[in-house]
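What follows is a set of structures for review.
In the two complexes below, subunit A is the common chain; its partner is subunit B in one and subunit C in the other.
After this line comes the complex of A and B, so read on.
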């Protein structure tokens, strides 16, 4: 089951695409950005929505195929501050990025499913291996159907344990993400996202990043 | 008719005079003068002599002599050099000027010649003329000063009211309350509720204007602010939603509803402050959206009772005989005055406020979706919906989750509850006023909401409050739940007669209970106490409670019947044990001997006592003594 061969069948099941713009901001200027976002997004009068998520990435390597550098990734995410919320499995396809791509945002196929708590054992039994994990903690905004997240990535010294003692900051900056999940073929979303990103211009530069170049 | 154009050629006429005409007809012209000859001819024409004699009077004679010489010389030498006369005249002029120069230099030295001003007599002054002259000058001075002062005043007034700074200050205040954006050269603002979650099609855009641009030149108007707004035409005027609950006893059908025009409100004046204008327009938009939503729901949703939408009015039956009418009243100030209807409609402010709140709640739900935890999940789902997958909810549960109530349904429920509550209140109060014997005390609970209220009733007899009958009524949307004294519950419908009957029945039971309590006080024995006794005629509602008491000595039996329809009855039977002949061994005491027998009814109205319990109390006391 390769990632590329799964993509066409994915489009038949649930044609959801994620439009993504990413950027980063230094810790020192995070508060300015948060205030600006609070003014731009919905629910300006309520306080910040914090989130604290633990994400583990499981991969399935196919020894039967020759392509070893394209493993199949599942991202399993759990909310640490809301233990009664369901876990989520997320599959993200490869982004179509390159010289011919004129869209302002990164577009990739996205499948997001809620599942019960025993998903990790299930995946391990199926043959997935945990590749890496991290904790993301930050603030969440939304405007219409756009999600804006400003979060900080923490590395786990020992994988699996999410106590505060086990966490280590990764870098001195926060990641800023702007994403919309929508069905195929709506180009207007990209334009709207670009306009929104322009309003944050001097503080943070949101752009589409080619993940293969990282 | 225009004549064909004629060519006209212009050439200089021959000016040279003809000297002679030869015999062969040829004309010989006088040769034209050369330049120098022409100049000398013109120079001859200059009269130098004449200028000299006008300037100074002294060398006149000299000049005359000179001209005489000139004239003498001239006939003798006519063909002399033509500039001669000119030269002579210039020479004499030089002489004159040098003499004048000498005189002036002598005067300057002040040795030989001194100049003195010639004193002149001062002209005679006439006082009235002088005063008039002074007055005129003063008047002109005053006018100049006045114009200057006016200009300054005007500038000052302008500075106070209509300056650029003031406009900017007002703009800042406007910006604090409303969303503004600049499009080309105009400033536009947003009146709609879109940022608060509304999805209404009609949006309102207002334009911000400067009043200083509109005022005429030099016209210092006393405006309150230098900023003005122009509202779109469909949002002008004042609007509100009128909610009325009226009872139409004979009109069950809605087709004969009459449209009453309520009293007209004043339209917003053009001079009003911009905040007031904007708020009024904002309200108009909100009322329009609310009414559009209600009308849409009234047409689409198929409820148990039909709703009628007529123009700007929605009518619906809440109970048989009670009608709820919701009217959108929008006054732009341009309609002609309508004669006010004689009955002023009663506007229910509470329900109007509820309607506003319901629409705001809808807006809020559009906007405030619970945030996804973890943040990867989809926006816009409730928490339950997110858990639906992992918890394997059935289809029925999912369908139930999506079901939500419309605004119209909610307001109808609230109206029903309000009507029911008012009616129950009336029934209880009526009963409490008319019924003196047991006192009914009602405590309405402060903690209630728009769909449920509760009241605690206590039935007591005056002076005998040891026996109290408590009742708790929970008034819902269209039924009343009652919690009885013993803890049992029963449900009453919305009919008010049912409540009245029920309360009467409870009162009867209270009487019976108080008689039982009296027995305890007096030491009488309760032979039987039945809440719903079976003998007697069947009443239309309620049941008869009966109590039978025996005196301590056993010779007086009291039978008390209390029925909600027929009232209370008391009968006494006196037993003479000595007369009793056949006593079976089962009868252990004398009081059991004669349970049956003749009962004599007591006229309760003539007994002494404040209330029924008191009367029976008095009677029992008497009977105890007597026996």
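After this line comes the complex of A and C, so read on.
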């Protein structure tokens, strides 16, 4: 029932795909990486673009999806450093298989929609429940249409409360993500990303990670 | 004069002999050096040359030390003055000086017995000292501090440069060693946390149900967590409850055997 109500709005959105390479950098070496990225990416002269986002992942299960292991997930993001900005809801598909290992990056369906603040209540009303949440805080860079993010994950001791006291950093590394969101069928971008990732290589290993094995 | 030698005279004689010996030694090494320079200059190398200079300077130093020792009588208290000057050739003198001074005449005596610099030199020294004394002590102090400052700055600059380059070398070496800047386990932990929400698994290890079943059997776990979630989202309690109840039913019916 939810699927049919969502369908009309989704039809208006061009199908996009996210090309993704992921890795991590130990906290101690983060500044070295930022320095290098600043040199490699656009706007080298301006200061770092920071972000501080709270992401809550909502999941929906009904009788038709219980048979599958992969639940239906919506990721709702809110910028903690820009309280006036619209919330953002994102659907990510599973990694596409088919072309096998020939593709240099992970490719998955991706839908991004800006939405109003009450999206959480809306989702809860529809039967979604919050699966997990975290705060991502870090820096992002642009290089053409590529986006590089270096950020720290903070888990919330009490879900939903983003007070500094409630945050606890996860691990001793920052996540490094190189991603491009592009319309269907632009396989070339994967090669570009691979080349870019190679430039960071001794420092960070950006990989096509198989999320199924995590 | 020979017989009743005072203690002082004896000492003078001994020390003079010593001095002469030293001076002769220096002369020999200088002569050897000059000879080498003049006749064997093709084979002389820079380290060789420095070696010669080193020998000379150490000899001069030991001569200076000898002059300063307490055993050495104060030579300036002794006056030497020529009694007889003659234009005749003096064989004894020639032998003593190894053929360099043939006559003890008016021409050579002022050069050899000079105790003051030459008049021209004296004049220039005079001019310089006048100039030096004409500057006020404050100005001198000022110039001195200025010079010290400049020198210190220069030294700082140079040492900073060298230490920087050392550091760079060290950095390069460190890069060559390739320290591990990333950790694959950490990558998996973090990516797992953001894509699959393994955060909650870690933060709530006290919940046995969470740690218990493998990933494929999430449903019973959901029911356990629902009461908690309800309290979180306090807002639309009534309606929410109803929708969730159906969920629980659906989950329970699909895995009835999981329920205790």
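As a convention for this text, the second predicted complex is superposed on the first by the 194 of 214 C-alpha atoms of A that agree within 3 Å, B and C clash if a C-alpha of one lies under 4 Å from a C-alpha of the other, contacts with A are read in each partner's own complex, and residues count from 1 in each chain.
Following the convention adopted for this analysis, a residue touches a chain if its C-beta (ideal position, glycine included) is under 8 Å from a C-beta of that chain, and two chains touch if they have at least 3 such contacts.
As the structure is a prediction and not an experimental result, all values here were calculated from the model.
**Student:** Once the structures are superposed on A, label A:189 by its partner contacts, choosing first (subunit B), second (subunit C), both or neither.
**Tutor:** neither
**Student:** Once chain A of both complexes is superposed, is A:25 in touch with subunit B (first), subunit C (second), both, or neither?
**Tutor:** Only subunit C is touched by A:25; subunit B is not.
**Student:** For A:155, decide between first (touching subunit B), second (touching subunit C), both and neither.
**Tutor:** Only subunit C is touched by A:155; subunit B is not.
**Student:** Which of the two partners, first being subunit B and second being subunit C, lies in contact with A:123: first, second, both, or neither?
**Tutor:** In the superposed model, A:123 contacts neither subunit B nor subunit C.
**Student:** Is A:109 touching anything from subunit B or subunit C once the two structures are fitted on A? First, second, both or neither.
**Tutor:** neither
**Student:** Just subunit B (first), just subunit C (second), both, or neither: which does A:57 touch?
**Tutor:** second
**Student:** For subunit A, which side has the bigger count of touched residues, subunit B or subunit C?
**Tutor:** C
**Student:** Could you tell me which stretches of subunit A are touched by subunit B in one complex and by subunit C in the other?
**Tutor:** 55
**Student:** Across the complex, what residues on subunit C touch subunit A?
**Tutor:** That would be residues 175, 178-184, 186-200, 202-203, 215-216, 218-219, 222, 226, 229, 232-233, 235-236, 239-240, 243-244, 246-247, 250-251, 254 of subunit C.
**Student:** For subunit A, which residues are in contact with subunit C within the complex?
**Tutor:** That would be residues 22-26, 29, 32-33, 55, 57, 61-63, 66-67, 69, 71, 120-121, 124-127, 129-134, 136, 153, 155-157, 159-160, 168, 170-173, 175, 202-205, 207, 209, 211, 214 of subunit A.
**Student:** Which part of subunit A faces subunit B closely enough to touch in the complex?
**Tutor:** Touch list, subunit A to subunit B: 42-43, 46, 49, 51, 53, 55, 75, 77-79, 81-82, 85-88, 90, 112-117, 140, 142, 145, 147, 149, 181.
**Student:** What does subunit B use to touch subunit A in their complex?
**Tutor:** Listed in rising order, the residues of subunit B that touch subunit A are 367-369, 371-380, 383, 386-387, 389-391.
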